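Okay, so subunit A shows up in both of these, paired with subunit B first and subunit C after.
And now, the complex of A and B:
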């Protein structure tokens, strides 16, 4: 591994961490699409900054771009407050307009602007190590490393200082207002951090992939945990992991590093989406199926409990009576048998003592409207789940 | 070049005519379908779909190995639909919210598309100039065949819209009720979504990935301000969309260095701004005027009620009083008194005022909600 390769991975990892922190809060606050809006609408800010300073490396670009990001947020909120359109429409109206202004500004001055829209949108981290900072001939390292490192330090400092406030205002805005931290200040603070991070990251990974680095790790983490600190941790780890793996995949395919990092993020999210222990698709579908069978089982036991006559308890009759498909009724009867709830004698089903106890307890919970207790009761009685 | 010259040029110049027709049709169909997106609170879906189409285009290129609009279209359509259904899956099956799902699909699909595109670029036969156009769009690449495709899609979606009008409308405003009535909401939903994806995919070539969402939203958001009727909104949105296309093409064709896509979007944004401010009843300007009018009326009513309290102390309520008496109550002015005289609530005589019959009854009924509105 050459030092340039190491530097690229380091920058990518720092970008991933710097994005993951505000990203987690954006996802929790249901404002994920704001990051998309900001990442596009900073374009006019960059262009105007370039016109003023005539230097692509000027810090003025970052300041103006971040300012445009905040202006976008304010505009979106203003339009939304008029009540003429919904919030998502407001977002969808503002950022393409801002982006168009940026594109036209570049096109109008194409001769003396060396700004490439491709570069703004897509970024090229592979060139980051060539743009270095020197101090009296002494090589201080790549410029992006300094930019994103500074932004990351500020973000972490803000996170630690205002962690409690952020947490309260994210989960209970009213409570936080009552406690005296203005939700508006925290909101705009978060938006400013998101804007600055987007600007700092865009020349490394490009505007659209900043969105991926903000949302995907946070969404992955949110499927795995509900604890805010753990969620921050998991999103940082998965962001850094994707950055490093993505770099080597890109190296292998000789393709865009940013694209490959995003693809790894996507694969990571997809795997979590399928296999997350509690919130994943497979777990959810399995739980739904289990619930369905267990509800059917309860209905079945209640029916048996209500009827002492033999003809009501005949296996064939049950199928007609409760109107189940053959498969469903077989699964329900099997489950009941496995759990020793019923015995079958000559096609006649009867409750065992355990089955009676279970049913009676269930009835008492249903009557007293304590249906949530049934879940707990199930875990006491069931040897096998549905 | 004058406006008249330009109009003759549109009719005589083949390229300009094709582009103008193409962008107008695109604007119309986007306005039409965008109305549904806006009303169903799926405004940003268009943004996600347009980004999600990228890997499809890249894969179509990888499989087919050449630039071909038709294969690109199919590829974009498939991956756009895939993205849309994944968004629905994420919001339905997990606790992630729709904004997260949209952002995820948008950025992940786009990133994957980028990976494929850069991979293709490194290949030998990489003539990917056409692929780049999908990112930022270039109306100049519109050909007559594209216009025919656009016209065909517009026609078909119009027919389907008319055919399933009732179903679309009821699904829009009350999905639960639609289900209970026995309509298959899934199929109606898939139908709308498919046409939306189709419109977006068709537009990518002209206005590009980033600006596509504005094409879809802006005409519809503008049209929403002018009416509360669905069909009127759709017609107005289609007209706004078409006008944005025509005007945008005109501006960019007559100026140097103005790409068509962004100009069209900015023209559409002007329509939105104009509608937000000047639309009757919903617009900000008329709302402000109404607000001020109400406030003025409130002031007059307040003055009237003070006068009524004073006049009540006399046997004859028409007995004149000095204006000076009102000085304790500060909410009146010469102008407001004059206005009250104009309403014939009071009569002014030099420094004296007295209530009229009309003003007296008005004051009695002031707190009776039913009469508050009309003060003629």
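And now, the complex of A and C:
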């Protein structure tokens, strides 16, 4: 691995971490779209910064761009507060307007501005190692590394300092306000961090990858954990993982690095969406099927409980009576047998003592409408689930 | 000891987008009462509570808590929001939500420690939710979630408790358990204010009541003012004695 390769991966990883932290809170606040809006609407800030400083490397560009990001958020909220349109509509109104102001500014001054919109939107991390900082003759490393490193340190410091405030205002804004933690201050703080991160990172990796790195790792982590700190951790790990794997995929296929990282992020999310242990599609479908079989089992046991006469408990009769498909009845009878709830003698089904106990307890919960107790009871009685 | 008012609301008008939803409310809530706020959906009950807490800025009027603005008295007031106002899928546990009640006394930056955790566990115990402390909150039933909210208010150890529909979606057992706790709070000299929808139980649960529908209809002791006349004025339909048993 050459040092340039190492530097690219390091920059990409730091960007991933710097994006994952605000991204987690954006996802929890159901504000994923706002990062898209910020990434596009910072263009006028950059252009104006360039007009003033005449230097593409000036920190003024970052400051003004971050400011435009915050202005975007304010505008979106202002439009939304009029109550005439919903939030996503407001976002859809603001960011194309901001973006086109940026484009117009560039076009108007085409002669003396050498600002490339493609570079702004797509960025090219492959070139990041060539733009270096020197002190005297000493090579201090790539400029992007310094920019993103600084932003990351500030972000981490803010996260640690204000973790409690971020948590309570995200979960319950009203309580937060009542306790004296102004949700507005925390909100704009978070938006400023998101804006600054976007601006600092897009120079290296492009606006599209910034949005992907903010949202996809957080969305992936959301499916995998029920703990905020772990969610932050998983977001960071999956962001860094995608950055490094994406880099090598790009290297191998000789493709765009940003494109490859975005693809890996997407694939990772999709796999999680399918296979996440609790919230994944497959787990959810499995749980639904299990619920269905177990409800059928309960119906079946209730029927046995209500009928002592033998003809009502003959297997063939049960088939007609309860009117299930063969597969379902077989599965239900098997489950009941496996859990020692019933015995079968000459095709006649009887409840065992355990079966009786289970059914009677279930009836008492059904009468008093305590559904959650039934779930608890199931885990006590069942040796095997449906 | 000098009698004092827990909350005093003067000429309060609150509007959303310049459309007033509370008109010129005057309200005095004496210390130590267990008070119900009743009124139809959209009457402005939640809005009144949020204005007392400074969550919403009123168009006009003022609110005093023990004679001072709320901002100076935060530590004396605990709040239970309407259950639907938060995202129950948020990745956190029951204990953690209760701990949020301690954040107010901690102030900015300082983090909760052993003392806060101990207080939170005690509050969980009081509402019978100790075994569920590590449950993710979406895996709690509606009644259990409501108990968690109550525990979070208890841990604030305040003088005034403002609760927005704490009985929403809870079964009879939980309702009895919650009202028991509220009555204990009153016995300890606290002021408890509850937005309540079940008119049948008002005389049994509360000693003070406020009728609200955009304007204040009446406020006072249940035995004096909880009658058909005020119910009819508030709900607009003819109410036949809900007092008689």
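We adopt the following convention: the second predicted complex is superposed on the first by the 386 of 386 C-alpha atoms of A that agree within 3 Å, B and C clash if a C-alpha of one lies under 4 Å from a C-alpha of the other, contacts with A are read in each partner's own complex, and residues count from 1 in each chain.
FYI, a residue touches a chain if its C-beta (ideal position, glycine included) is under 8 Å from a C-beta of that chain, and two chains touch if they have at least 3 such contacts.
Just so it is clear, the model here is predicted, and its values are computed rather than measured.
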item	value
Touched partner set for A:33, first subunit B, second subunit C, both or neither	first
Which of subunit B and subunit C A:211 touches, first, second, both or neither	first
Partner chain(s) touched by A:175 [first = subunit B, second = subunit C, both, neither]	second
Which of subunit B and subunit C A:256 touches, first, second, both or neither	first
Contacts of A:101 with subunit B and subunit C, given as first, second, both or neither	first
Residue contacts with subunit A in the superposition, subunit B compared against subunit C	B
Which superposed partner A:70 touches (first subunit B, second subunit C, both, neither)	neither
Touching partner for A:82 - first (subunit B), second (subunit C), both, neither	both
Contacts of A:222 with subunit B and subunit C, given as first, second, both or neither	both
Footprint overlap on subunit A, comparing subunit B with subunit C	30, 82, 222
Complex contacts: residues of subunit C adjacent to subunit A	17, 50, 53-55, 71, 74, 77, 79, 81, 85-87, 90-93, 97, 100, 103-104, 106-109, 111-112, 136, 138, 141, 144, 152, 171
Residues of subunit B that touch subunit A when the two form their complex	38, 41-44, 46-47, 51, 89-90, 93-97, 99-100, 102-104, 106-119, 122, 132, 135-136, 210-211, 213-214, 216-218, 221, 224-225, 257-259, 261-263, 265-266, 269, 272, 276, 282, 284
List of subunit A residues in touch with subunit B within their complex	27, 30-33, 35-36, 40, 79, 82, 84-86, 88-89, 91-93, 96-97, 99-101, 103-104, 107-108, 110, 117-118, 121-122, 208-209, 211-212, 214-216, 218-219, 222-223, 250, 253-256, 258-263, 265-266, 269, 273, 279-281, 284-285
List of subunit A residues in touch with subunit C within their complex	28, 30, 81-83, 161-165, 167-168, 170-172, 174-175, 177-181, 222, 225-228, 230-231, 368-372
